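Both complexes below contain chain A, partnered by chain B and then by chain C.
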Partner chain A sequence: MTSQRPRSLAWMGAAAAALVAAPYLLPPYQLRLVTEGIVFSLFAVSYNLLLGHAGLLSFGHAMFFGVGAFATAICLNGLPGISCLLAAGLGTLAALLAGLVVGSLLLRVKGTPFALLTLAFNALFFAIGVKWHTLTGGDDGLNVVPPKLNLGLLILDPGKGPDMYYLTLIVLGAALFFCWRFTATAMGHSVLLLRENEERMRFLGYNTNVTRLMLFVFVGGLAGLAGSFYTLLNAFVSLDAISIDMTTKVLLMTFLGGTGSFPGPVLGAFFYTYVQDYLSNLTDNWQLIMGVLFIGMVLFAPGGLSGLGQGIASRLGRSKTASQP
Partner chain B sequence: MRKFAIACLTLALGLILAAGASAADTIKLAVMEPFSGNFKDIGDRYAEGVQYAAEVINAKGGINGKKVEVILVDTEVKPDVATRKATKLILQDNVRHFCGGTGSSVAGAMEALADKHNTLFFTYGMAAASLTGDKCNRNFFRTCASTDMQSYALATWVAEQGFKKVFCIAQDYSFGQEAVAAFTKKLKELNPQAEIVGQVMHPMGTKDFAPYVSQIISSGAEVVFTSNWGNDLTLLLKQAQPMGLKAKFAGYYLNDELMINAVANDQAVIGGVGAEVYMISIPGQANQEFVAGFKKAKGFYPTWLRGKAYAATMFWAEALKKAGNDKVDDVIKAWEGLTYDGPAGKWTMRACDHQVQQPVWIAEIVAKNPYFSHAYVGPAKMVAPERISVPCEQTGCKGLAK
Partner chain C sequence: MAILSVKELTKDFSGLRVLIGVDFEVGPQEKLAIIGPNGAGKTTLFNIVSGKFPATSGEVRFKGEAMNSLAPHARARRGMARSFQITNLFQRLSVLENVLSGVRSRQGLRHHLLKEPLRDRELVAACDAILEKVGLLHLRDTPVQELAYGQQRALELGVTLALEPELILLDEPTAGMSRQETEEATAMIKRVTETIACVIIEHDMNVVFSLADRIAVLHYGVILACGAPAEIRRDQRVKDAYLGEEES
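Up next, the complex of A and B:
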C-alpha cells in the first residue's frame, strides 16, 4: 500500500496540471466541451447521490437543475449590478428551497411511487415554466449577459472561454470534491444505510425521514448549482433546462458512467457530452445510437463505464500478481 | 484515489481530440433549422429557399467575388443543441454568418451566441416580438414580420372589412398570447366599434376542438382570429366546418399548403385569409420571375416558407455587397438602413432595432389556383409597412450601440 500512495499522488498532480493547462493546450471548442462536461458532471454526481448512494430512483432531477438555471437568469436580469457568483448562489438557494418543499412532500414514499411522483413534480415545474412567462419568458426562454467578475487582482469575463472554464473548474470542482468527501462522512454513511436496510436504521434510533429530507435538499442544491453554471455558460436558458428531456439526459449519463462508484457519473457526463458531439455530426438520428448504447450497457455492463474500467484494472492487477513468483 | 485517477485519465483522453482547419475562399452561411423530428417539413422548406438563393447568387459570380457555401445544421428545435453546434462552427470552422427560422427559444439562444462571439444572425421566420424588442442586439437581424406586425396586418384587414364581432382562439403559450394581445390592441385602435365576443387560449396539442367551436358559434362571431399552427390549426379547421361554423377565419398560417393538404377538405379552408410577408401570389414582375425560376430549377413551387427564406438571403447578400466584404462589423453597418426591392415588395432594415420594415400580404384561400389541385391562396393584397409598423420607442429595444 505504501508504494501505491506516491503513485496515485503523482497521478493526481498530473491530472491537476492538465486541468490547469487545458485552456493553453486545447482549441476553443474543445475547451467549451470540457466546461460543459464539468457542469454535467456535477449534475450527474448529484443525481447519483440519490440513485447510487440512497437507492432512490428519481425521474425529476431536472426540476432542481431548471430552478437553479432560471433563478440565476432571473437574478441576473432583475438585479442590475449583481455579481455572477452571487446570482449562481441565489440560484442554488432557490433549488435548495425547491428540494426542501418537494422533499418534505415525498418523505413517506419509496420505490415506484417515489419515481412516479418525482416525474409528476418535474412536469409541474415544467408547466409553471411554460405558464408563468412574465417570469420565465415561457417558450422564448431568457437571455442573460453574465457580468464580469471582479476579484480584485484579476477580472474574469464569463463570456470568454478560458475565464468561464477556470470559474467552472474552481467552483464546480470544489463542489465535486465536497460531494466526494461527503460520501465518507457520517451523514454519507447513514445515506448508504438508508439504501441497505432502512428498518434496521430506524431500530438503531435514526430518523430516516430527516436523513432523506437532508439528502434531498443537498442534491437539489447541487443540481441547482450545476444549472446556474449552465445558464452562465450559455448566456441563455430555455424550458429545455427543466424538461423531462434533461432528466433523461442525467439518467443516461449516470447509467452510462456507472452508479456504483463516485467517479462513474463524472465519466458518464464526459462520455455523453463527447459522444453526443461526435454522433450528432454524423447523423441526425444520434439519439437512436445513444439509446442502443444505453440498453447494451444496462444489459451487459450494469456497472457502467467505471465498472468496466475497474474490471479491466483488477484483471490486469491479478495477472501481474499472478506472473510474479 | 485509484478511482479519481481513472476519471482523470479518461478526461485526458477526451482532450486529445483535435480541431479541423477551414478554407477561406467561400462565404459560409449556416442554416439552423430542424431537419429531424416533428418540424422537419418546416426546416426543409426554409432550407430550400436559402439554397436556391445561394444558387442564384453563385450563378452570377457570388458576392464580392466569393461563392456562398450553405451549411445545413439540425437544431432539433432545442436551444442547447443549436448553441453547441453553432459554437463548434464558430470556433472550429470560422463560420460568421448564420440564419434560421424555427423556434423562438432557438432564436433567443442564437441571439445570445451571436452577441457573445460577434457573429451575424438573421431570421426569416422567428416571430416573437421580444427578439427585436427587449432582447435586441446589434448582431441580430429580422427580415420577417414580428407577431406585432402580423397581428396588426390581420387587424387592419378585419377593420377594413367592417366586421363587428370577432372571436380569438390561440395556443396557450408565449407566441399565442403575444399574437392575440397585439391583434386585440390594433383592432380596438382601428375600429372601436368592433367587439371581441370571445377568447379561448387552449393547450398546445389539443385534439378535440368541438367545445371551442360551439363556443364560437354561440358567440355569433363573424370572423375568427387564430395564430394556431401545425396540428392545432389543421384540427381546428377540420372540425369547425362540419359543425356548421360559418364565420371566416383570419389566421397567421392559413396559407400553409401542407396544412391545407392535411385538412383534406377544401370547403373547410376556402374563404379564410392568411397573412405573410411572402405569398406566392404577390403581383409584380419580380415575384413572377422568382416563381418561374424556382419552379424550373426545383420542380415545385416556392410557397411561403421558401419564398421568405429566399428573399431574406438575397437581402443579406445585398448587405454584403454594400459592405464590400463579409466582415461582421462592416456588414452590420451596411445592412442598417439598407433597402431591398425583391419579390415581396420594398424591404428596409430599420437601424434602431434591426427589424425590417416591409409590407405584409393578405390573401384569401380560393378553390381554383394555378399551383395546386387543392385550394390555395388567391391574389395577394398589400398592407403597407407604415400601417403595421411598431415605432422604435415602443419596441422595448434599448439601443443597439455597443
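Up next, the complex of A and C:
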C-alpha cells in the first residue's frame, strides 16, 4: 500500500506533464484528436453515471449533448460579443433544464420501459431539431465563429488548436475531476444504492424520486457541457450531435472502456476516437469493424478495457508475489 | 399513549380480502409478536403499516400522526423502520456501506453533493458501533454477497438500527436459520431492541415466547386473539387454529 501511493502519484505526475506538454509534442491533427477525446471523455463519464453507477440503461443521452451543442451555437450566433465560455455555460444550463424535464417524466420508470422512453425522447428532440429549421439550421446545421477569450493576462483563441486544447483541458478536466469526486460524495453513494436496491432505499428514508431527478439534472448538464465544447471545437454543429447515432457512440465508448470503474469511459472515449480515426482512413466500412470489436468486447471482455487492464495487473501482481522467495 | 395504532385495517386485492378490520396497538418499547399460519396476511399487514401498499380502508397512526397518505421514505424518516422476510440489502456494497446508507439517511446526508461519508470519522464511528452491536465489525469491508446467510440477517437488523428508529417491524428475523443461529439471533434482537418498540412476525414459537410482551394471532385476515403470551397459550381458539395442543 505504502509503495503503491508514490508510484500512482508518479504516474499521475507524468500524465499531467504529458497533458500540459501535448501541444508541443503532437502535430496539429493529433492534438485535435486528443481534444476530441477529452470532449467525449466527459460525455462518456456522464453516461456512465447513469449506466454504471445508477444501473439505468439510457438510449437517449445524445439529447442532452445535442441540446448543449445547439444552445451554445445559437447563443454564439444570436448574442454578438458573448464570451465562448458564457455560451458554453448557457448551453450547459439548457441541457440541465432538459435533464430536469426529461428526468421528471421518467421518475417511476425502470428497465426496458425506461430504455425505450429515453429512445423516444431522443427521437423527439431530433425531430424538433429537424423541423425547427430556423433555430437549428436543419440538415445544414449551424456554423459558428467562437470569439477569442480574454482572460486578462492571456487571450485564448478557440480557433487555434493549442488554445482550444488548453481551454478544453482546463474546463472539462475540472468537470471530470468533479465527477470523480462526486462518486465519493453522499449523493454519489445514493446513486449506487439506486442501482443496488431502490426499494430498500425507500424504506431507509430516501426519496428515490429526488435521487433520480438530481442525477438526471447532473448528467444532463455534464453531457450538455461536453456538447458545448464539441461545438466550440468544430466551429460547427449539425443534427448528428442530437441523433441516435451519437447515443450509440457514447454507449460504445462506455462499454468499450468498461462501466465498472471511473477511468473506464475515459479510456473508451479515447480508444473509440483513435480507432475510428484509424479505421476510417483505411476503409469506408469502418463501422462494421467497430461493430465486430464491440461484440467481441461484450462477449469476451464484459469489463471493457479497464476490466482487461485490471485483470492483467492483478495477474502480474500474483505472479510477482509467487516468484518472491 | 401507543406509539403505533392500527384501526379497522382492511385490504382487498382484486376482490380477495386479505385483511379484515385489523385492530391493534403497540406501546413505547413494547414487543408485539404477530403469529399465524402462512397466508394469514402478516406480511401484507407489514407492507401496509410501512407504506409499501395502501390500505383499502382503516387507519395507521404512528406517534399519533396519520400515516395512510405517507410514502415509505416519509414513514422511515419519522422513526418507523422495517426489515424484510427475504434479505433485502445492497448486495454488491460492503457491510460498512450498507449500514452507512442508514446512518446517512438518519443524519439527513442523503443527497449532499460535497460531503464524503466514508471520510467522515463520526459517521464511520457510528457505523462501527452498530456493527459491533450486531457482531459484524470484523466483516465491515466485506461485500454483502460474500456473507453467510445468518450474517446477512444480522446485517439486515443492523441496517434497520442505523435509522435509530422508535419502532421496528421485523419480518421473520430468524427464518432459515439453524437452531443455534436462531438462539444467537434471538439473544441479539433482545439486546439491541431493548429501548425500541417492535412488531415481530415469526413462526418459531420459542423465539416468539422469548421476545414478545404481547402476542396477536392473525388468522385469515382477522385478529383471533391478542394478549400476554400466557393468555395466548391458554386460548382454546388459538390452540385450535394455530398452536395445536403440543405447542401450548
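The rule is simple: the second predicted complex is superposed on the first by the 325 of 325 C-alpha atoms of A that agree within 3 Å, B and C clash if a C-alpha of one lies under 4 Å from a C-alpha of the other, contacts with A are read in each partner's own complex, and residues count from 1 in each chain.
We adopt the following convention: a residue touches a chain if its C-beta (ideal position, glycine included) is under 8 Å from a C-beta of that chain, and two chains touch if they have at least 3 such contacts.
Bear in mind that the values here come from a model prediction, so they are computed numbers and not experimental data.
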Using the touch definition from the top, say if A:27 reaches chain B (first), chain C (second), both or neither.
first
Partner chain(s) touched by A:127 [first = chain B, second = chain C, both, neither]:
neither
I'd like to know which partner A:203 touches here: chain B for first, chain C for second, both or neither.
second
Is chain A touched at more residues by chain B or by chain C?
B
In the overlaid three-chain picture, which partner chain does A:193 touch, first (chain B) or second (chain C), both, or neither?
second
Touching partner for A:8 - first (chain B), second (chain C), both, neither:
first
Determine, under the contact definition given at the top, whether A:240 touches first (chain B), second (chain C), both, or neither.
first
Give every residue of chain B touching chain A within the complex, in rising order.
1-12, 14-15, 17-19, 35-36, 74, 76, 78-81, 83-85, 87-88, 91-92, 104-105, 107-109, 111-113, 115-116, 128, 130, 135, 172-175, 177
Could you pull out which chain A residues touch chain B in their complex?
4-5, 8-9, 11-12, 14-15, 18-19, 22, 25-30, 32, 34, 36-37, 130-131, 133, 137-145, 159, 161, 234-236, 238-241, 245, 261-263, 266-267, 270-271, 274, 277, 280, 284-285, 305-306, 309-310, 313
Contact footprint of chain A on chain C as seen in their complex
50, 71-74, 76-77, 81-82, 84, 88-93, 97, 100-102, 104-106, 109-119, 159, 162-163
In their complex, what parts of chain A are in touch with chain C?
181-182, 184-187, 189-190, 192-193, 196-197, 199-208, 210-211, 214
